[in-house]
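Naming follows writing order (A, B and C), and every chain is counted from residue 1.
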Amino acid sequence: MAAIHDFDRRWIFLAMGVLVTTLYTLGSEKALTNSEYVDSYYATIEALPEGSVVMLSADFDPASAAELLPAYTATIHHLLKRNLKVVNVATWPPAPPYTREEFYRIAPMYGAEYGTDWTAMGFLPGDDVAMGNIGQSLRSAYPKDDVDGTEYDNLPLMAGLGDNMEGVDLLITMSAGYPGILEWIAQVGGRYETPILAATTAVQTPDLFAFYPNQCVGFLGAATGATRYLQLIDELTDGAVEEVKLENQKRMMVQSWAHMLIILLIVVGNLIYFFGAKGKQGAKA
Amino acid sequence: MTLALILAQVADARDSAAQRAWDWLDEVGAGGADGGGISEWIDTGKIPTLAAILLFGFIMFRAQSKAHKGKEISIRRIAGLDALDEAIGRATEMGRPVLYVPGIDEIKEIQTIYSMMILRHVARKTAEFGTDLIVPVRDSIVMTFAEEAVKAGCMDAGRPEAFDKDNVRYLSNEQFAYCAGVAGIMAREKPAANIMLGMFFAESLILAETGFMGGAIQVAGTAKQHQLPFFVAACDYTIMGEEYFAVTAYLTREPNLLATIHAADILKLIGMAMLFVGIVLASIYAAEWYADDMSWIKVYHRMFGV
Amino acid sequence: MKREIPILLTVLCGLTIIWSFFSNYPKADAANTELLQWALIFFSVAFILGITNLIRVSLKQIAAKHNDSAYKIILLVVMFAYLFIGLAEQHEWFGPGSLFGGPGDMTVKDWVYRKMFIPLQATMFSLLAFFIASAAFRAFRARSMESTLLLLAGAIVMLGQVPLGEQITGGLAPRWLAFLMVYINAAGQKAIIIGATLGVLATGLRIVLGIERSYLSE
């Protein structure tokens, strides 16, 4: 055990750093197999009639963008490709810059117009209280939009939505923590019975199994789920997400080897522990 | 013959009671938001939730009343809590401060409120031993509560002069900026004991590993289940889930707090019993083993949808 | 009254919000929304308390020529500079493409946010990858039944989540992962959530009914 405690951790950090950098630079992609939860996420969006309204909530920050931004981008592609209307909200302050940029980039590909096909209402402070406000009344939560301060009623898409999530057919959240999917389930899903989809970070994914398929009808768990989803919609969007898909598949290979390194470290650590313990027993004898 | 008659009468009474329950459900469901009836004033879909809360309140107050009358309520030993005193003592011997991280959530989070209660206890101990206590916080309102808790702890120890306002430090509202700030305090001020109790998110492992590398004894506790594995891996003692809510009762042995733990345990037992009954009834309903006429199985299905 | 008024306010506000949750009465929602708006305002104003504390502690350490006073100077300079940049953005001199504006169509605030804040946040989060490796090496020991189960569960999750793990185990790892998540993990999560919620409910009830008064330092 002394060997483990005295071991300089910086060697482990170096090994991890070299492994990730080398593999990412060399790069190779590998397709992932499907998963029930990702298929459910995809199928829920596919099942919506054209013109349905989807509320897309960006509940993440730059720290978790590596895991959630690909899922977010893919979801926007899917929603706009299917001619669904998107109301963009955010409960994390750093999120709106990401959300708007992605829409500005992607919306023209599908001829989606701001105000009619999509809106960006911006960040609403208050965490789960804000979610409750959004659920109760979008109009009072967002009197103006976040792009240029257009009044709520002057946005054709918003004017058709009522209180208590009336008119919103689906809620999708990109959830990095608190507030996120669990709070949406409590504040909106449970109260107004709006179906909810989620993309979450790896740490939060185990939570969702308890809520699937009732409160959360489908989810993308971590970067793995996002990659699977990108694979599903690649053909649907005529290759618009191919670059992002290939990038994510490369990242999944890097992550694979990083996991192998951790497993190797666990095995080595246990070997040192067991042989160290046996050595001590031998010495005592 | 008599037995059969009695059983038949019991079955009749049971079915008519089920029929009355079914009729009541019709009555409270009638009217809606536009019409009259009870549903104008109360959301009938939430009646089971209200009933559960009232039941819990009743059990809690009964337990408190019994506790005040002298009923003994025991709590099993929680290793992490015994280690709190050990950690503070170690810091005193080494002449280094104690670092108390009350989590990163706001005061509206119950775990943060509990953390403030525990902070008062820790502040009392550190004031008694004459050890510095550093409390970095992420939220301004939590900062004011933390100041009050530390001050109250020092007063409890009879050493109000031990309170140093500058040791309760607001760092940043940004999660990772706060995390970097705490890691910086650990690296520079080298606390001998790190106590991390409250609501944590992704920064938990960074804090715990940085603290370990600094050689501190670490006691962590949270009811946030996805951070528990990181604390278990990186800290010396971890207080998990419901144990966290028992901390203040364990430390203070106050009757009100012990009674609350006792009431929660009773409700868990009730919950387990209901779970078992629910599994049986749902299975019977799914297998269609009930009779076609009115029965409690049907009432149960209507109320709970399973 | 110093004690009674806060308790009374707590009880009234708590009961109002509980009532609005259970009630269909139209005014209940309005009362709830109003109280929540007041709470948001309080939180925003309280931010000033934190800033004041930060400035006071930093200035004290700078004046005392503390070891890390250089970092404190940097902190204060950056804080006030970004505050100034954010406020000044409203003026035409600091807008995109203007005299003191940022490069291209970005304002200075946007540039600092995208080129400094975002990479710094991502960097801090990425530390987790290194720390989990070192924590796993140090702490994942099969020294008891429970720790062995923890170890095995961790290994299954790590193998099941990635394509290489699926390849190595001949497609079995994702199935083991699914079993672990759907049955064992979900059951455990639900149990922990129920237990923690009861703790939250108990404390919440005590605070709302004025029984728990630790926030008054009692």
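Convention: a residue touches a chain if its C-beta (ideal position, glycine included) is under 8 Å from a C-beta of that chain, and two chains touch if they have at least 3 such contacts.
Note that this is a predicted model, so its numbers are computed, not measured.
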item: Greatest separation from chain A - chain, by CA centre; value: B
item: Of A-B and B-C, pair with higher C-beta contact tally; value: B-C
item: Separation of mean Cα positions, chain C and chain A [Å, integer]; value: 17
item: Centre-of-Cα separation between chain C and chain B, whole angstrom; value: 18
item: Intercentroid distance (Cα basis), chain B paired with chain A, Å; value: 28
item: Residues of chain C touching at least two other chains; value: 43, 121, 124-125, 132, 134, 136, 138, 140, 154, 189, 193
item: Touching two or more other chains - residue numbers and ranges from chain A; value: 9, 61, 63-64, 206-207
item: Multi-partner residues of chain B (at least 2 other chains); value: 106, 176, 202, 225
item: Chain B contact footprint on chain C (complex, rising order); value: 21-25, 42-43, 46-51, 53-54, 56-57, 60, 67-68, 71, 120-121, 124-125, 127-128, 131-132, 134-136, 138-140, 150, 154, 189, 192-196, 198-207, 211, 214-215, 217
item: Contact set on chain C toward chain A in their complex; value: 29, 32-33, 36, 39-40, 43-44, 110, 113-114, 117-119, 121-122, 124-125, 129-130, 132-134, 136-138, 140-143, 151, 154-155, 158-159, 161-166, 171, 174, 178, 181-182, 185-186, 189-190, 193
item: Touching residues (chain side chain B, partner chain C) in the complex; value: 33, 39-43, 46, 49-50, 53, 56-57, 60, 106-107, 110, 113-114, 116-117, 120, 137, 139-141, 143-145, 148-149, 151-152, 166, 168-171, 173-174, 176, 179-180, 184, 188, 202-203, 205-206, 208-209, 212, 223, 225, 229-230, 232-234, 241-242, 244-245, 256, 260, 263-264, 267-268, 271
item: Chain A residues within the chain C interface of the complex; value: 4-5, 7, 9, 12-13, 15-17, 20, 30-33, 35-36, 61-66, 94, 97, 125-126, 129, 132-133, 136-137, 140, 202, 206-207, 209-210, 222, 224, 252-253, 255-263, 265-266, 268-270, 273
item: Chain A partner contacts - residues on chain B that touch it in the complex; value: 105-106, 175-176, 199, 201-202, 213, 225-227
